[in-house]
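Shared between the two complexes below is subunit A, which pairs with subunit B and subunit C, respectively.
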Partner chain A sequence: MRWLGLALVVVAAATLMLGVADLPPHGAPDAPVHTHVGARYLERGVAETGMRNLVTAVLLVYRGFDTFLEVVVIFSALVAVVALPRGRAARPDDGDDRPPAASLTAEGPAQQLVSVSPVVAFVVQLLGPFIAVFALASLYRGHVSPGGGFQSAAIFGALFIAIALVQGRERAALLVPRGARVWLQALGPLSFALIGTVGWILTGAFLGYPADAAAYALREAMVVAVEVGIAVGGAVILAQLFMAMEG
Partner chain B sequence: MVLFGVDVDYLAFVVLFCVGLYMLVRKSNLLKKLLGLNVMETAVFAFLVTAGMIEGADPPIRTAGTGPLFANPIPHAMVLTGIVVAVSVTAVALALIVQIHAHYGTIEVDELKGLP
Partner chain C sequence: MSQLFDALLLLLLISTAITVVRATDLVAAVVKFGLYSLMMCVLWQHRGAPDVAIAEAAVGAGVTSVLFLLTVARTTRVEKP
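Then we have the complex of A and B:
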């Protein structure tokens, strides 16, 4: 068994080395990856989508279906995590031949009592508002500058976890209103479906965006709505995943 | 920079990928296996972003004073998709590991073998 794993790694390394040895020189502008559809996106992306950040343009317009299902994937992950049966209740009682399990359950409530260093608590309190503003800025300016819905969701999620670690899970849970939680965690797929349908009515194609210059404000509003859905939905999903991990 | 006939950026991808694969295959602790999987994912993301890069190019954000060369936006968008999938896989795996821990009191694969 010992040599089998090593042999697998060696075979994988040799295969990968053979693969990358044939790649064109790194950073060459005429490599095949740059001469296909990417060049067209770079050339006409701003005119066709109105977004200066072409990564967002690819994400929301050219590959909108991909991103739609990506949002569905992370929502499904949350569904799967929440749907898992709770371990302790499900454990059979006749498990007296497994002593390590008992010592583990005893640690459960005690972990709430672990105090956080005052330095960490102060730094999180000090930086929390700035982190939130940064997340909002990267959300709102995501289609014209670096940033976007997913990045904003990651920053918001990290902020939530930091607050949960410092203030405790109960107080952090108040940040996500209980009544709206069900809708907020599905906001990504919901906003995508809504904006996709609006685009369908306006342009005849699902997830289509009105292309003419007169509809600039409307297109802008649709993009921002999708981005807000991704950011808020993603952040709430990350927060819920963290809350569901209580072992 | 070229090392062993391969560009050093691609070589770093191979090394990182194999480190992750080794952790995934050889470690008995489920958490370490999951970490190995994440290292492998990171290697693939780094490889894709590296492939989209052009020497001396600007990021693909077309504002005044940039260009004429831009990095390829498609690998970036694909990596974003990949990161979301990686987060989802990690979350489900972590939840399963937590449940295994609660059921059996261990997350070592060789101790879990043969348990009912």
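Then we have the complex of A and C:
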């Protein structure tokens, strides 16, 4: 059985290597990926969308519907985790009543929450504001430079988790207003659908953006609104995922 | 030089992936997986995909590591053969 597995791996790896050897060199202009629809994006993307970051242009304009459903998928992931039964995880081998997520030890009696090293706490406090500014910058400048809603959401979510690990989840939870939490975690799909409908009214196509040069400011505002929705909604979803899994 | 850097990074990635799979201590596996994500982030950046690199650094090395650790804390730390 072991040798059969090894043989399968070797055959599969050899097939993949053969395939890789046939690929065009990295960045070759005549590679199929650059001669198809990608060439049009590169030639006319900036003029058509007004975004200098073509990654964002493809995400939000040319493939806007895909991104919309992608945001819905992230939201569904949170729904799935929250729908899981709460409380202590099933551990057949121990019967004590220790709080969940209390220890990372393999065996032995319950160990209380590990205290946070002052070095870690200081580093998080020192870097936190810079991380937040970076996340904001990558959100607001996402359509002209690398970054965007998803990156900003990931950075904000990671920052929240770092704060929750150092300051405790009660203080970190204050960052997400309790009353608005339900709406904030659905902000990605909601803002996307709203802006898509606005585009529908303006251009006649769902998720359409006004294309003429005069509407540049409006188009930029719509893009930033979608990005803000993705960033805030995604960050709140990451924070809620952390809280749901921890508590 | 640039190609050599990529090749070195890819070899490191493969060896890290093997150590992740072989680790029986799941916390060690999570830490190694975070290392894998960081190297992957450097590779994305070096291959000219800064958008992906940012997301990889924040999600791959940051958020998923914590979520994996929480899962380990709620189940068992040692993988049973």
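Structure notes:
The rule we apply is simple: the second predicted complex is superposed on the first by the 210 of 247 C-alpha atoms of A that agree within 3 Å, B and C clash if a C-alpha of one lies under 4 Å from a C-alpha of the other, contacts with A are read in each partner's own complex, and residues count from 1 in each chain.
The rule is short, and it goes like this: contacts are C-beta pairs under 8 Å (C-beta built on N, C-alpha and C of every residue); 3 or more make two chains touch, one makes a residue touch a chain.
Keep in mind it's a predicted model, so treat the numbers as computed, not measured.
In the superposition on chain A, A:8 contacts subunit B only, with no contact to subunit C. In the superposition on chain A, A:206 makes contact with neither subunit B nor subunit C. After overlaying the two complexes on the shared chain, residue contacts for A:138 are found with subunit C alone; subunit B is out of touch. In the superposed model, A:146 makes contact with both subunit B and subunit C.
Of the two partners subunit B and subunit C, more subunit A residues are in touch with B. Judged by the touch definition given at the top, the superposed model places A:161 against subunit C, while subunit B stays out of reach. Contacts of A:29 after superposition on the shared chain: subunit B is touched, whereas subunit C is not.
On subunit A, the surface patch touched by subunit B in one complex and by subunit C in the other comprises residues 26, 53, 55, 91, 100-105, 146, 148, 150, 238, 241, 245-246. By the touch criterion given at the top, residues 5-6, 8-9, 12-13, 16-17, 20-21, 23, 25-29, 31, 33-34, 37-38, 41-42, 45-46, 52-55, 57-59, 63, 66-67, 70-71, 73-74, 76-78, 80-81, 84-88, 90-91, 98-105, 144-146, 148, 150, 238, 241, 244-247 of subunit A touch subunit B in their complex. Against subunit C, in their complex, subunit A makes its touches with residues 26, 53, 55-56, 89, 91, 100-106, 138, 146-148, 150-151, 154-155, 157-158, 161-162, 165, 238, 241-242, 245-246.
Within the complex, the subunit C residues that touch subunit A are 25, 27, 47, 50-51, 54-55, 58-59, 62-63, 66-67, 69-78. Residues 4-7, 9-11, 13-14, 17-18, 21-22, 25-26, 50-57, 59-63, 69-70, 72-77, 80-81, 83-85, 87-89, 91-92, 94-96, 98-106, 115 of subunit B are the ones that touch subunit A when the two sit in their complex.
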